[in-house]
Amino acid sequence: MSTLEFLVSLPLIAALAIALGAPARFTAIGASVLVFLTTIYCAINYNTSFEDFAAWQFESARTVFDMPGIPTISLAFGLDGISVVLILLSSIVLLAAVLAAPDESKVQGNSRLYYLSLLLIGGGALGAFTATDLFFFYAFHELALIPTFLMIGLFGRGENRIRTAWTITIFLSVGSLILLVGLILLVIKLGAQTFAIADLIELAQGQGIDAASQNWIFLLLLVGFGTLVSLFPFHSWAAPAYAEAPTPVTMLHAGVLKKFGLYGLIRIALPIVPEGFQHWLHLLLILLIGNILFIGLVTIAPRALDRMLGFSSVMHMGYIFLGIAAFNTMGVSGAVLLMFAHGLSIAALFALNGALRDRFGDLTFRRFGQLAKSLPRLGLLFGFATFAAIGLPGFANFAAEIPIYFGAFDGDASGMNWLRWATVGALWGVVISAVYLLRAYRSIFMGNAPKVRLDDAPDMLLREMLPVILLIAGLLIVGFSPEVLNQYIRPTVNGLFLLSAG
Amino acid sequence: MDPSLTLNPLLLVSGLLFAIGLTGVLARRNLLIIFMCLELMLAAGNLTLVAFSRFHLVDGAPAYDAHVFVFFVITVAAAEVAVGLAIIIALFRSKKSTDVTEVTTMKY
Amino acid sequence: MQVYYLEFLVVALGLVMLMVDAFAKLQDKRSLARLGILGLGVIFLLLFAVQSPSNAASPVWKFYAAPDNLSLFFKGVALLTTILSLVMAIDFAPIVLSKIAPPDQGAHPQAGLGEFYALPVFVCAGLMWMASANNLVSIFVSIEVVSITFIILAGYMRRNVGSLEAGVKYLILGALSAGFLVYGFAWLYGITGSMELGPITEALAKPEVNSTAAMFAFSLILVSLAFKLGAAPFHIWVPDVYQGAPTPITAFLSVGSKAGAAIVTLRLAYPYLTSPVLSTKALAILAVIAILTLLLGNLGALAQKNLKRLMGYSSIGHSGFLIMALASTSYPGAVNALSPAAVFAYYIGAYLLMTLLVFLVLNVLNAADTGETLDSIRGLAKRSPFLAGILLIALASLAGVPLTTGFIGKFLAFKIALDAGQWMLIAAALIGAAAGFYFYLKIAASMYFDAPSSSDGAAIPVNLLTKV
Amino acid sequence: MTFLFYFFSALVLFGGLGVVFAKNPVSAAFSMVISFLGMAALFIQLDAFLIGVLQVLVYAGAIMVLFLFIIMLLDVEEVEKRKLSLPTVIRAGGVGAALVVLISTVLMRGGTAGQALPKLVASPEKSDVLRIGELLFGTYWLPIQIIAVLLLTATVGVVVLSKRELK
Amino acid sequence: MNPDTLAWLILLLPLLSAATIVVGIGRWSNLSALVSTGTAFLSLVFSVMLATNGEAVASIAYPWIDLSPSFQVNIGFTLDKLAIGMILIVSSIGFLVHLFSLGYMREDSGKSRYFAGLSLFLFSMSGIVLADNFVMMFIFWELVGVSSYILIGHWYEKNSAAEAGKKAFLVNRIGDFGFMTGILLVWILTGSIYFKEIAQAVGGVANAGLLNAAVLCVFAGAVGKSAQVPLHVWLPDAMEGPTPVSALIHAATMVAAGVYMLARVSFLVDASAVAGTTIAWVGAITALLAALMALQQDDIKRILAYSTLSQLGYMVMAQGLGSAGADAGMFHLYTHAFFKALLFLGSGAVIYACHHEQDIWRMGGLRKRMPITFWTFALGTAALIAVPFTSGFWSKEAILEALLQQKMHGPYAVGIIVAFLTPFYMTRLVLVAFFGPSRTKEAEHAREVEPVMWIPLALLAIMAVFSAYRFLAAPLAAAGHADFGHLFSHFGLTAVLSLIGLVVGVAGAWFLYRTAQKDPISIPLFRDKFRIDELYLFFVDKIQDGLARGLTRLDRDVIDPLIARFPAALSLAGGSVSRALQTGNVQTYAFFFGLGVVALLYFVL
């Protein structure tokens, strides 16, 4: 069993163990810690001087399905610089999410199912980020679909939770079906005999796909991946789902799983259908500006924290798309870094959102105020998370956004172009996100005394703070020293552009 | 038989009988009559088979394969009638009717 | 061992069961089913002992295809389905008995149950013959064995209005489709002058073949096969019959009958799809049928409340995927092209497992008299986490969630359609698959999200055999 | 002889129409027999003697009797109470007419037009009964076994389905 | 110690202090205060050491983002005269504010948070000053925004404070939006983010239009941070923070950042005449409007705030001249830092003494009760209204001179008008607050403040008067050119007009306010700050929030239905059709069957 097989199977085995009767919380935390340590091990042993985009480290493969007429399917894993970052993200958020999950006794309903689902979602994410075979790359992501559905429907908040569970599930499954069509089409057009991504890239380097097909495929991939990432206008599942899902699920989904679509765009779409990408660039720019400005403004309106955070998570996807749209080392590296940063920051925000919800239930802004006085620790941590999300220097988000802006602005000095205008729009989006996040902070933690009862709302316990501190520490470390992660991202992204350079 | 007879009139007769049978199945409500119409359709098939066999001689004789097939069809038809009538009896016992339009408890 | 012995062994088993039923005074006739299961299990093992034919000159090969993987696979499917249906039928016995009142005083209290176990065995033989039939005659007779026996089985619970109604509907529409089959076969014979598929294929491949007549015959045959597959617009019987028939029979029908029809369709479509003159039109018409089937089946299931009925619509939808694969065929395929036969095999294999799993659970619920509507499984997860978990996995597979067997089938179907560039088909399949997600998960939602309905919060007993 | 063909054809078709339009099942059954007798004659005209005889024996002899038996058993009065409903007839007729048009199209374009009746080469040494018998029990042994199974299950089924119930 | 080490220490010590307080010692507030003040003192010491070292070239840079070869951002230092002078101002004022705060915030419950904020502020400001590239400057630029948010909103339980903090941050963000755009534009024009490289490359830029845009965008950053019209609205509200914070913000840190940045990139302003003129005019308008608004304010801190705005207008005017005016602008910034810090701390002392009373009309007679405060305040005022030989006189003179020399007659004229207004409103302030009888009990009971508070005042008073002279302005040698010879040799129009303005202004105020018990003149437009706040409110409430609500509705009622609900409904409708076929009547089924056959055959034939 290779390291990565071990890594991916850990949460799945732990889930099985829980199903068979192992103590749920203990097993889940144990597995998450092990996952975290294993990812650290991988990160340390990753060779950062490795610039090949069509090759991986820690590779392992075993053929699982081979029949004439369809490409060979292998259960293959590997790490590139991008996936190192993403499994770090996954393992940190998984650990935080499991820590943030309520004790077994406090779970309303089947606590085994609760932890089991969390682990499945986490395992799916780890699998998707490490799979080097297109089939499993896709399949692992889908693994999380049903647990998410069950989690929201069973343990979610609010009267609409079942409806919400439906919305997210149908939306995502339709998105993935479209994606599936795109991916199969891609394999067919390449005439590939395997699903190994390396082979696909190699084929794309040779004959490649004709321009017309590229356009189609990229469109399918964009819509498919885009739906998973809540690209405007395929976003309406996200805000309610994140608002109503149980905290750990939101942390995992918004923080980690959502990045799958972006990873897919970088890993699959950019190297294999670059012409299609160029063809639809303007559309992508319009859509991402829709994310940033349209959804940004929409984010100002909600009257409750959870919904607002949900929308903000949609909005911030626009920046990652911008980085990808820039299609150069700076932009794409920034995008990868922002995936990490956004993952941690949104997970932290939602963890805190959950802590508030545990105490006060309804999160309508009007009910709150001055909480920083009675809940100083919560206030402080929330402040950190807020500033991280706003993109303040010192946090990883900022360190990621800067290369994105520069990447998107790169080029000659002849004047403005679509990409640059989009960047200007994105910069204005920074103002918007400051508006809504500071409003939220102001109305919850500052100002007049709250309407809610404070008697039975103690400040955060260490147990609650731990996941958030973990996340914020990650953000600060990377924010102060982005090179911690850039050392992994840079060579791989360079490799991508070495490819496209021929 | 008259050598001037061609294949088409025979096929036309069988086709018409087939259509008549189908029309009967669609038009009648009495299960028994519907069943008779189904028999007409099978018989039309038989006529077609025999006609073709007579027009495709094998070694100067009609193609007996088709005759055998007709034999099987007749057998199957008989079995079908038996089973069908048994069901009709069961239905009549419970509904006191053989009207198909009254058998509509399950829909949508 | 000669391959055609298998069916005779099955028939012999059925006869033994009838005899035992008639002459041995069994206390509990359910042991007949166990006997059947055992016998079929042995025969299933014998599948692996089949030799290539030694008597090539025997006339049997004019009617019966030499054993290949495909036919053996479908024979296996038939055997497995029958075994599982019998397993269900054991649980189902009390319901059957309550719906066929004991005839006379002094008669065996379980009178009529023996036949309920023996008839499926004969159906199994019919299905196995279908899997190998390569002659219009043998195709016709084996199809009729299966469908006439199914008529009996569907209407078996004659005091139950639903079952009787299912019997009537299947009877009339089945006979109608038989009429079309005969008429179509007659024309096919008239055009090609042969009953054997080999010569038919050769005849149809000739450029001088009259396409009007040939396509006329094809359409007539297709009507009948589409009926058997449950493909639009000849699918209308499916929901009603599925709902009305006894649950084990519904399960048997949904898998066994469909598998048999699938392989026959594959065999009969082959001459047309390989013919240079006819293939374009044949593919087009298949594509239209596939699109209609995908949409009507999957969308129809969306608002369905009765689980068996829902499975009926779902079965229509799955037929859509099968026909989609067939409609995306390109003969002669490239060396490495995906053959529809392979897709069929995988799809049916996966479909068998998950559908039977669903029906097994439904059957247990039925036997526990909890009803078969969506409401009746509310809160199942709380009452019986085991059943709920099993059902969830089966449903996920039916919906085609990756890493389940159902996904492979769907994946292959999509792959072959994409290979062929059938865009309309793909669009319909996408809509269908998406709708599938909804209605399968709807069942899951009912199990997990809703509170158990009223009093029957008790755990549901599951017998060991079913559990296995 | 052509006259005979037309006569029997007319018999077949009018018999068929009689089934469709019969007021009660008994007359429908008789119309069916007329139709089948006509068809038996057509079979014989087409040198299919055995089939013709079988047609008479099985249909006129057995099946019709079965029908009549059941009709009587079920009490004719109860059997058909209501008249045909007009919309049903219209739509059925529409489908039937369309089918006729389509079949005619096939007959016109299907390459079957104008095929003359080929002469039988010499009188057969063996009668067709013999030939068919040889085929049935020689070459066709497998289908005949299958049919046997079919008849068995049908018998079992009929017994099970129509077993008398205790009221 | 070598300059590199010094610079790193200056930068990181305050951060260390802030981090220590947040992570560890926050619960011991006095310790936090001491740590923070201690690091501020150390920063001052190191700054002085750096200054005595003179200009240097920094060699150690920390590669923050390294996407070489295309993009590399270092945390590295510029250690030229400009930076050294500025860091000296920052750290000295910073230290004094810390010192003052020890007294002022003694009883505050959020003392730890406050001092952590101060340290962070100092850290951020040092970063801006020392930055050798745009991105690094932007980083600290943003951090200054956060620090101001934390400090202005220190008393977060008060709605007004919470709002003010938010407002400051958001308005700054708007400026930063322009700033970042400007940075990006400059980057594509010159290919670098490093000041040194840009300065070399800017001459070769061909695309003049884009360059103008770039410079104006960069200037937008300064507009936000230095509170120029129209982004000046946050500054008066920022008075909601504790007074020492106001002093810090107004005197040395935040608002100065914009001017400093413009001075740092004066070569860019040189390259774009259009931008230069615009900058000068924006400064001029700010100076004028702010002075007019100051005329009618009653809150002692607000008057000072508007005076700051007005003075910033002067500085920005100077920066509009590019390198020709950069020195003058910086010179004024330098002198202004001291006298404005003095004035704010003085007002803080007054407010502290009057038990947090800020309305000047509720004071009066403080001259006798708080002599030290009064005299230091008076000296500060003198500097502000440019009484000859005080520091403010020299620096303002320098700016007006420079404007005249560069033939910026419009801004020059505005500058002169403002020179009439400033003495008027400042005299009004001093007269009302310190002279006459005490109007309230609080004012009657006011007593002189304790030494820890007045010592900084005294120190600053000295600076206010003498900072323009060479012996103190040495670090700013390039800018500091106050000498008598200069004055007499250039004695001309400017000096005359300024003096006339001074006399007229003071006399007018004296005449109007010497004995006034309430304001004899009332100009609602000025009092209401030209209703610019209302305009913003309208924008936020009606336009932005309206847009937000509208788009939400669009999202909910158009996009979601279109993307999700419509297809879903369509599917269900399709399902109904499919189910409607199932009438349950087998005859109908047969009909469909027949229809299907006919359709199929028709399709095929």
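Letters are used for the chains, namely A, B, C, D and E, taken in the order the chains are written, and counting of residues starts over at 1 for each.
Heads up, the rule we're going with is that contacts are C-beta pairs under 8 Å (C-beta built on N, C-alpha and C of every residue); 3 or more make two chains touch, one makes a residue touch a chain.
Bear in mind the structure is a predicted one, so any value in this text is a computation, not a measurement.
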(Q) I need the common contact partners of chain B and chain E, sorted by label. (A) C, D
Q) Measuring centre to centre, with centres taken as mean CA positions, what chain is farthest from chain D? A) E
Q. Based on Cα centres, what is the most central chain?
A. A
Q. Considering D-E alongside B-D, which chain pair is linked by more C-beta pairs in contact?
A. B-D
Q: Would you kindly tell me how far, in whole Å, the mean C-alpha position of chain C lies from that of chain A?
A: 43
Q. Taking each chain's centre as the mean of its CA atoms, how far is chain B from chain C in angstrom?
A. 26
Q) What is the distance, in whole Å, between the centres of chain A and chain E, each centre taken as the mean of its C-alpha atoms? A) 36
Q: Provide the C-alpha centroid distance between chain C and chain E, rounded to the nearest whole angstrom.
A: 77
Q) What parts of chain A, by residue number, touch at least two of the other chains? A) 170
Q. Where does chain B touch two or more other chains at once, residue-wise?
A. 18, 21-22, 25-26, 29, 35, 46, 51, 53, 55, 65, 68, 72, 76, 79-80, 83, 87-88, 90, 93, 100, 103-107
Q. By residue number and range, which residues of chain C touch two or more other chains?
A. 137, 141, 144, 148, 151-152, 155, 158-159, 167-169, 172, 176, 180, 190, 212, 216, 239-240, 434
Q) Can you name every pair of chains that touch? A) A-C, A-E, B-C, B-D, B-E, C-D, C-E, D-E
(Q) Quick check on the complex: what are the chain E residues that touch chain C? (A) 571-572, 574-579, 581-582, 584, 586, 589-590, 592-593, 595-597, 599-601, 603-605
Q: Enumerate the contact residues on chain A facing chain C in the complex.
A: 19, 65, 67-70, 110, 138-140, 142-143, 145-146, 149-150, 153-154, 162, 165-166, 169-170, 173-174, 177-178, 180-181, 184-185, 188, 193
Q.
Per the contact definition, I'd like the list of chain B residues that touch chain E in the complex.
A. 22, 25-26, 29, 100-101, 103-108
Q | chain D residues touching chain C - in the complex, by the definition given at the top | A | 105-106, 109-112, 138-143, 145-147, 149-150, 152-154, 156-157, 159-161, 163-166
Q) Which of the residues in chain C come into contact with chain D in the complex? A) 4, 8, 11, 18, 59-60, 62-64, 100-105, 112, 115, 118-119, 122-123, 125-126, 129, 135, 137-138, 141-142, 144-145, 148-149, 151-152, 155-156, 158-159, 167, 190, 210, 212-213, 216
